[in-house]
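Please read through the structure below; I'll follow up with questions.
Chain lettering (A, B, C and D) follows the sequence in which the chains are written, and residue indices restart at 1 in each chain.
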């Protein structure tokens, strides 16, 4: 069984094997000896890769893990062969509209667009005040505002969708 | 306890703050034999400052306006516990004239300056006027607030873009906006006013020249009640994101002894001009051999530990001593180099606050490392307060060693449950401008932080092997699991690992 | 990383040790840009030194003889990872001539002295001879081992009781017995021989005068390969229980500058006499203005951080520098006062080792506090290794402040899962003899530690209210619990509190 | 319901009461206002007694708790009224022989007494080697050795009974 990971847009393929009491990892034409040990309550691990020591925290999530390593916090998608095949079949373009969400609980202090407005990439569409700071939320790409779910002065929960932006049907010239 | 100790300088100190600074103040109080009284909002019932204090009293619900900003409640607690002194920390009431006045009225010693000094320096327009009179150089700008948009635009053009808009009541980088073009001036002004009104209850905003390639260099002063003012050299605080300091160091890599003396004297002159008492910081913009007065913070700064490490002093002890009427100590000769890194609960790439519960914690240690932290396992990081949770401060023989030490310490840090700013600081310390010392306040804006390739590979491999081990264990254990609801591989791995510990 | 860094002094350093000292060494190596290789026994697979190293390799089962004392395995790992240097830490192989020789044969730099210096100073009988020749004062005693009981008894009477029996291969207080009366001499000798054989594989024991009211004062030296020997003043290590140091400080409260210079010069003379290289410590007994050579430890001491804090230096960095052939740095001027407290897993009243798993941990922090610790949540404290788990080291402007700071720091410490020696240290710091500085190595024997009445009352109340709350919750929840096995109140309180958090 | 604690030989009696949203503790003629809050996972507590702050860890055991407070680790027996009454009824002199136990795993390096030997308080009866130290174990009171369960060179587990000493029937004159 092969395992496929995706991180920062890069896919990697791994195969694991037990041989003579050792756990081996194959990745491309490289083979590594692994030694994995759990520390304490089951989320912290010490992983030795060919003796190279890595101290990491691994939280399991749907479809992968959040790995914390050397100060970085990385969300890694992991699929095994079967899951990947199933995903490929189901995988049409289910890409919905761009959603602007509240990254944390706060109060909307500005809504700069209305439904139907054209927006550019990087344009500030909403300003959210939280933790004493004004946080401008920007469009991640160009499009047309399809829905405005909040208004100025409204308190919102973390993760709440504030507005939606439909991508343009065709690439502008 | 039988060797007759000297009577303490105060009997009981109320610390009108929370988080790491409340703990910081209590530590010195304990060392001085002074009992401490913590105050807390409902969000902080289990906070370390509450648990470490001699006495603790509830103020109210989590919002600061209902708890840490409630002057009446705080003075009620002070009276209840018969406190003879109050330390305001930084933020909250530390620069509120009303609070200083209320303490004076209640005959409780405030560990800080007089209400008048707070008022003069707290109003940025008034502060510039006093500084000007004391011969402290200013950034070209307006000494008065201008509300009329047309007049404002005219003045801005006169000074020349880029210009800055600063809240009169702001501080610590809060309430500042830079305007690059005339077209953005009026909308920016409105946003700055709104923000200032929300944050400080005072919407006055003033205009000044935006100094290019500026460094933020500040002088630590200490003044006693006998008219003596001394300074503890400078701190360089140019590593900022969103106008908030992230990394501070002392000494500043580019300051000459002559400039240091000149700035130190200017800072002392300003303090003397307002009959200052206690610890204060005079912030300057430094650019190409010139320095300009920015503002005076009439309280302890977040970054005071870098000064403490270089001078081998305890500035809170000095604050308490001068508040008790003792003479300010002459600063010893500084040695070595110190760097402070703030650990904020925030996403490293967006700088957005990160909320959550701390599930795991490992603080750095070893030679030359000091930790000032409010973190504990189980702490819930809420949106009510500042995102700064801890400070990692290092000291070493020289700047190069201090950078290496700070980097090493940050690599040891584990804060699990929220994202932190630590990776940003690691990248900043490793950057060419920082290493050479040739940097300014734009350092972090230009920084392209990249996660090292090896980290990406190891994270991928770790995630894959965890899934493999889960499937493997599930296979091995499938007979045993038999009936009942099916377990996910993740549940299985978790359960089985708890029994085993070692996986091979 | 783009600013061209200097090439590191070594490429890859194997740390042939475990626990806090392995971490300590790795920290400096990391700061110097040197990769590290950890070695571990099966008991230490998850230890911090393994997780923090660049590379890690297994040695064998937990007993030291099968892991950390296996010279062959360690050199095999060094070869496998292409290490060009080895740091032995303290204990284990750090003072084994064979190891130093094996490193030399394998052409790997040992961060330590030559095999010859280790041999001369490691044999206490030979060491006394060398010291005598170098003009370093000795405690009256026998320069050679005496095995014949009758001769031993005669010599002991000559010197005068009390006398001491010391293992030739011992150190760090281990393998020492005091004999008060002639009748106890022969049984004590046999016990000392047995212990020495078990601990060091060498049963030679020698006899000397037991100096009354002795203080243990030691000089830190550093020697380079160019014949330069410098000293970093003294450490006072008289707070001992069972002949093991518990609290150390620098400077010594009673040493005059003249005596300090005299002792420092004597220590440097001894080092020069054996062509010493690296860090070493010359231990003296000090009593009433006189000092006597005790032994030389040819390695880094546990208590080296007090020296580092006073001098603002990194002694491991200096060790690595001189091992790489660089000139020993001239010690800077020391300032302030430092105190180290060892945190051992032991029962505070009996000093017996305490075993268990660390379930909760909170280390002290704030100004002037340094933590060197191998502790982590989940650590199992096993009987295989030394009971010392961490060191709390403080620095302050003067001795009085340092005592207050150490006490404050120890009160912040929480190590849950094992008992620790911290309460003993708190009591020692508070004792009259320690506060006045007028103490000797018997301090802890005379100490009557008493748990404060308030602590007893609060503990009683807390235990009672927990039971009350359990019963109350059980009552409230009895309807909900309904069927099923009956829950104990304790289970109930636990479950319910998890949901609630706050109890009122 | 009253609660009785025993610690260091001192018995204390507490009564708890809820009044007006407050939890009160009565102890003798003193009354205290309590505020108890759990920190984290249920063994650490912050206890305010009339505002005085105590940071403690409380592990529950049969018949009481182990309380850790200001560096001290104290075993507190707690009985409620009913349990205490029951204990008083059952409470005859069930005091068995003095047991010398291994305080930790180790190796017996010396056994200084044999069955039938008279021993004094403080006399070293066994020497146990553990963690590189020789630990002399002493008789806690005078008596006669009734049982020797180990011999020299034997490895023993932590808590294992090494020997037993019967107290003398009468107090010696």
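In this section, contacts are C-beta pairs under 8 Å (C-beta built on N, C-alpha and C of every residue); 3 or more make two chains touch, one makes a residue touch a chain.
Note that the structure is predicted; figures quoted are calculated from it, not measured.
Colleague: Return the chain pair with more inter-chain C-beta contacts, choosing between B-D and C-D.
Modeller: It is C-D, judged by the count of C-beta pairs in contact.
Colleague: Just the number, please: Cα centre separation of chain B and chain D in whole Å.
Modeller: So the centre of chain B lies 47 Å away from the centre of chain D.
Colleague: Quick check: how many Å separate the C-alpha centres of chain A and chain D?
Modeller: Computed value for the inter-centroid distance: 53 Å.
Colleague: As a quick test, compute the distance in whole Å between the mean CA positions of chain A and chain B.
Modeller: So the centroids are 30 Å from each other.
Colleague: Could you tell me which residues belong to chain C and also touch two or more other chains?
Modeller: As it turns out, chain C has residues touching two or more other chains at 45, 52, 360, 376-377, 411, 502.
Colleague: Which chain A residues touch at least two other chains?
Modeller: 37-38, 41, 44, 55
Colleague: According to the definition already given, which pairs of chains are in contact?
Modeller: Taking the chains two at a time, the touching pairs are A-B, A-C, B-C, B-D, C-D.
Colleague: Under the touch definition given earlier, write down the residues of chain D that touch chain C in their complex.
Modeller: It comes out as residues 1, 3, 5, 7-8, 10, 12, 14, 16, 21-23, 25, 27, 32, 34-38, 41-45, 47, 49, 54-58, 60, 64-65, 67-74, 76, 78, 80, 103-106, 109-110, 127, 129-135, 158.
Colleague: Show me the residue ranges of chain B that touch chain A in the complex, using the header's touch definition.
Modeller: Against chain A, chain B makes touches at 174, 191, 194-195, 198-199, 242, 347-348, 350, 352-355, 359-360, 383-387, 410-411, 413-414, 416, 419-420, 422-423, 426, 451-452, 455-469, 471, 490, 493-494, 497-498, 500-504.
Colleague: Residues of chain C touching chain B in their complex?
Modeller: Chain C reaches chain B through residues 1-3, 23-24, 27-28, 30-33, 45, 52, 305, 308, 312-314, 316, 332, 335-336, 360, 362-363, 365-373, 376-377, 395-397, 401, 404-405, 407-408, 411-412, 430, 432, 435-436, 502.
Colleague: Under the touch definition given earlier, write down the residues of chain A that touch chain C in their complex.
Modeller: Going through chain A, the ones touching chain C are 37-41, 44, 46, 48, 51-53, 55.
Colleague: So in the complex, which bits of chain C are touching chain A?
Modeller: 37-38, 45-46, 50-57, 80-81, 376-378
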